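Notes follow once the structure below has been shown.
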Amino acid sequence: MDRLKALLFLTSVIILLCLPAFSQTDAPTRLVGDAKPAIESPAGPPSVEAKDTKNDDGSAIDVSWQLSPDDQRLVTKYQVLRSKSSTGPFEVAGETTKGQHTYTDNGVKVGESYFYKIAAVYEIKSTDSTSVTGKGESQVIGPIKPIAQWFNMRRLNVLIWLLVTCAAILFYIMQAKSGKELYVRKIAGIDAVDDAIGRATEMGRKVFFVPGIQDMDDVATIAAITILGRVARICATNETMLDVPVSRSLVMVTARESVREAYGKVGRPDAFKEDQVHYVTDDQFGYAAAIDGMVMRDKPAAMFYMGGFFAEALILAETGNNAGAIQIAGTNQPAQIPFFVAACDYTLIGEELFAASAYLEREPRLLGSLKGQDFAKGLFLLAIFLLLILAMFGYNWVSIMDVS
Amino acid sequence: MKKYYYWIILAALIIVLILLPKPLIVSPTVSTIITVLLGLALAGVLVLTLRGHMIGRRTVFLFIGVSLTLPFFMNYRMPIKVSPEVQTLYDAIAKLPPGSKVLAAFDYDPPSAPELQPQAEAFMAFAFKHNLKVIIMGLWPQGPQQADMAVTKVLQEPEIRAKNLRYGVDYVNLGFQSGNEFVIQRMGTSFSGMFPRDIYNTDYDKIPLLNGVENFSNIDFVFNLSSGQPGTVEWVQIAVDRYGVKLGAGNTAVQAPSVYPYLSSRRLTGLAGGMTGAAEFEQATKEIGKANTYILSQSFSHMVVIAFIIIGNAALFVGYRKSKQKGA
Amino acid sequence: MKREIPLIITFVAGVAFVLQYFIPHYPFNRFENIFSDWFSIVGAFAIWLGALSLMKLCLLNISKKSSDWPISLLIIVSFLAIVIAGAIDGFHGLNNVPATSFRDPGTNFDWLYQKVYTPLSSTMFAILAFFVASASYRAFRARNTAATLLLFSAFFVMIGRVPVGDYLSGWLPERMQLSHWANWLMAFPNTAGQRAVMIGIALGTVSTSLRIILGIERSHLEG
Amino acid sequence: MDSTLIGTWLAALLTLGIMSFIYKDNLYYKICEAIFIGVSAGYWFITYFWDSLYRIAWIGIVHEGRYVLLGGVILGAMMLTRLFGKIGWIARWPLAFIVGATAGLKMMVYFTTNAMAQIHDTVYDTVTAFGGGDLYNLIGRLVILLGTVTGLVYFYFSKEHKGLFGGVAKVGTWFLMITFGASFGYTVMSRMSLLLGRIDFLLTDWLKLVK
């Protein structure tokens, strides 16, 4: 419980810290200058403005200028010139085509100050790629210091929606802990886990658990390892042989940890052999070829596919189907769900993969988080309808869902 | 003895195939006869199923193998209609003025080459003919190699050879960088930070084409060929959403459905999906290549799959009738 | 103590990487890049454990003279072949001026990659064509309404995505042609279903991530 | 017999070996599978070595002096303690860091792009469709709205799928089935083209039967 309070306290401190950042509005120093008109070179932009780009890590400055009077007639491109001192050597920060009057200069460092001027360039490119250019420059402006903000204001709406979603999940977790009975609908795939392993026990054949080809930097793989822990516990009690071929070394280490603990929890630590969880290859199709070989030779009775799968999903599922195994699959890759639906006995669709560990464990806090997810779903559905109704009356608030 | 005669048949078959006259092309009339025979064979299987003999997996495999291989020997071209999403992709590239800089992101590997290499070749040919400056890079190790193959093949075309395009001035290959979507993120701030050297180890700032190209704001269009992750989804999530880049993509057919939502919300300017997308893209850019010859095999195999769906439902129907007779 | 520290590390890392999304200021803006570098380095260390596990299993098979010990020997030999080739080409490449990579065309590693790895990988990918056909034959049967919808949407997309579709339905008005049905199915109903699944996955990911960060879900650390 | 001929024959024999698996599991496939496991494991082992250990860690720290990368090296070294049983538990620390960082990072990526952006697009498209005159687009957008809403209702866990709520969830299942059928059908093409690529290799490069 203390950790939850710590989290809420930490977030509120961060928000308070950010407030001063909003107040720092640096008034841009703006001088109106006039450039010397060369014979064929265009007039320089009459005015220039430069100020810190908001909501960034202080590595960018927004430069804007009034178009040169000869913009249409003469100008081919504008050059944004930058220097560390008002008279010092100017370097080309970047170029834009004519008709454009803004440029974001990303080549600046936080803490240093810069001076800018804009050159309107009239360039004629002859065939042998030499070119004749006329240039008209604007007044120099500065100094401008890029500032790093502590809070990205454009993502305030994301922060609010995230806090509401997380608050809902935490609320229902706490409510579930206080013992309130929680109804959770049936998911066929998860109910079938027990009798799939039971079938393997009767037939004295193996159970294969395939945790996907993604590494530990994918939440679906972490969810798969959690489900593996539950499956290993059932296999340990039934004394069924569990085989876990993995495609990533980090997943191998984590999976071994999870299966060893599971065997320990049901009081059979001796039955766990480290080579049950074995690395095959990092390669997507090498992994599929190896598992196909194992499946056709060992003819397992039950197969689990949980985690991140890509094109190899159907290779595994179709071979498993051909070997006569009960197959239960769950993935967070929408493109692969149709193949599992076609070739497996049961498929956990998207979110159901993440709910599996809560269903198998029946632990109140985990079930509570499912109710929190439903609340968030309800909230989003409500948001869709409210935004649509508001739009009907002319209020276009859809930007509260903007992601930038 | 029985165990080894498989191998003898395989060896004999290979020898016969090698000795056949080359190249083996069949006249259009014979092609139509073969097509009719294939259709009759499928009808035969349907009759068999209706009479209660359920066919196994291997028959399906045999028909798929045959239906994909035979069209290679036929010379018969299919009429192709360009779909809206390929048309928008072509229009986005066609309206780029000469000299604009295009980032070509190659995020696929040899297994996806059949669908994406024709698109790569059509894109390179079109870009070079319209004086677009192409900057190649890839989030997959083999991507830039596929790009290199496409460029060398396209440079042999007489019209492009005449333009004597120079590496480093008209096109450049920055190679592969590991780090998945974080590569795109870093490119948002600085290309040279992520790609200090190109594949021939010349420094970033020594390449004429790249001076003034700091990050996405100096790029007019990004064309991404993708067959998985990292790929078009990441380019939309980061390059388009955060850095406002104009993105067009060629995807394998399996990847395309998950990218469609970005197309309908205009965060993707166009999409050429699968082999038909490749053939349509070749049609739109008038760079006819391998995709148009593959499309005939595609059509045959699709018809076979559809036929077997019908046969499968016939088997279901026969199953009902039998259980009803037993039950009645 | 052994159990508390990992949970604290997970909590601090989790909160830090949520905050980095909202805080552009240094050092938070560097977090994603640092994590991507650290993750590739840890992965590069961990693969040694994976390779040892593979080698150990193969050597076990050989020492026990199990029925298919030559196969295990073949795995070891082909593993060492490409590793040694890659190492030699890599180290040679270092002192070339300019330094060349182990992947460059012309190295032994590249020969093994082009002539052994790529054909195996693309063929394993290619046999999906057979499996897709057998899966369609078996799964697309109109047992109930859901299966019937699955069947018809697959049917229309398949026939629409190939020029044959328009060939057969050429006589219909443009909007009714088969290729148009396929595009409609892909553009609207498919997008709707994809979105529902994506939103579901997103909420599942948020909930699972929250449970991991707060240490409620810790079986990945202790079963 | 120059090396390309050997290479082509080797590639062709390996291709036929893998293809033989669809007939039945046999010795020829077992040999190709073993080569594939060894070569692919070795390929990634060396790729990780050069691309991560050398290019990121060694060059990054020694040549470019980015000492922050030492953190990764320390975590990596902790992983290797798995080899010595007793102190193997230290390996949990790098794992805890990776799992925590992944949870934080992916929570934000999925929440923004897969949840909020999709809700935004659903509403935005429907609103613009009402604005624009095109009936076809309007019907399509309403279908997307209906499908997304009913699909989301299908994913409800904590409410009995009965009565009106059950009916809406049923419609959601139908939309999901149409989506799965459509993306399955769409993918058949790309699988066929993969096999096409291999058959093209066998006929053109190996047997030279086709130009």
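Think of it as A, B, C and D in the order they're written, each chain with its own count starting at 1.
Convention: a residue touches a chain if its C-beta (ideal position, glycine included) is under 8 Å from a C-beta of that chain, and two chains touch if they have at least 3 such contacts.
On a predicted model such as this, the values are computed, not experimentally measured, just so you know.
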| item | value |
| --- | --- |
| Fewest touching-chain hops separating subunit B from subunit D | 1 |
| B-C or A-C, whichever has more C-beta pairs in contact | A-C |
| Inter-chain centre distance, subunit B versus subunit C - centres from mean C-alpha coordinates, in Å | 19 |
| Where subunit A and subunit D are represented by their mean Cα positions, the distance between them in whole Å | 14 |
| CA centroid of subunit A to CA centroid of subunit B, Å | 27 |
| Residues of subunit C whose C-beta touches two or more other chains | 11, 15, 18, 21, 32, 37, 39-40, 42-43, 46-51, 54, 118, 120-122, 124-134, 136, 138, 140, 150-151, 154-155, 158, 161-162, 186-188, 190-191, 194-195, 197-201, 203, 205-206, 208-210, 212, 220-221 |
| Where subunit A touches two or more other chains at once, by residue number | 158, 162, 165, 217, 219, 222, 250, 253-254, 257, 279-283, 285-286, 289, 311, 334-335, 337, 339, 341-342, 349-351, 355, 370, 373, 377, 380, 403 |
| Where subunit B touches two or more other chains, by residue | 57, 61, 64, 68, 111-113, 141, 178, 241, 253-254, 256-258, 261, 264, 274, 276, 298, 301-302, 305 |
| Arrangement of touching chains [line / ring / star / complete / other] | complete |
| In the complex, subunit D residues that touch subunit A | 18, 21, 24-25, 29-30, 32-33, 36-37, 39-41, 43-45, 48, 79, 82, 91-92, 95, 98-99, 102-103, 105-108, 110-113, 115-117, 119-120, 122-124, 126-127, 130, 145, 148-149, 152-153, 155-161, 176, 179-181, 183-184, 187 |
| Contacting residues of subunit B [partner subunit C, same complex] | 57, 60-61, 63-65, 68, 78-81, 83-85, 109-113, 141, 145, 178-180, 182, 185-186, 200-201, 253, 256-258, 260-261, 263-264, 274, 276, 295, 298-299, 301-306, 308-309, 311-313, 315-316 |
| Residues of subunit D touching subunit B in the complex | 16, 22-23, 26, 28, 47, 51-52, 56, 109, 113, 117-118, 121, 124-125, 144, 179, 182-183, 186-197, 199-200, 203, 207-211 |
| Parts of subunit A lying in touch with subunit B, wherever the complex brings them together | 59, 92, 94-95, 103-104, 106-107, 285, 310-311, 322, 333-335, 403-404 |
| Residues of subunit A defined as touching subunit C within the complex | 3-4, 7, 10, 14, 18, 55-58, 110, 148-152, 155, 158-159, 162, 165-166, 169-170, 173, 215, 217, 219, 222-223, 225-226, 229-230, 232-233, 248-250, 252-254, 257-262, 264-265, 275, 278-286, 288-289, 311, 314-315, 317-319, 321, 332, 334, 337, 339, 341-343, 349-351, 353-355, 357, 365-366, 369-370, 372-373, 376-377, 380 |
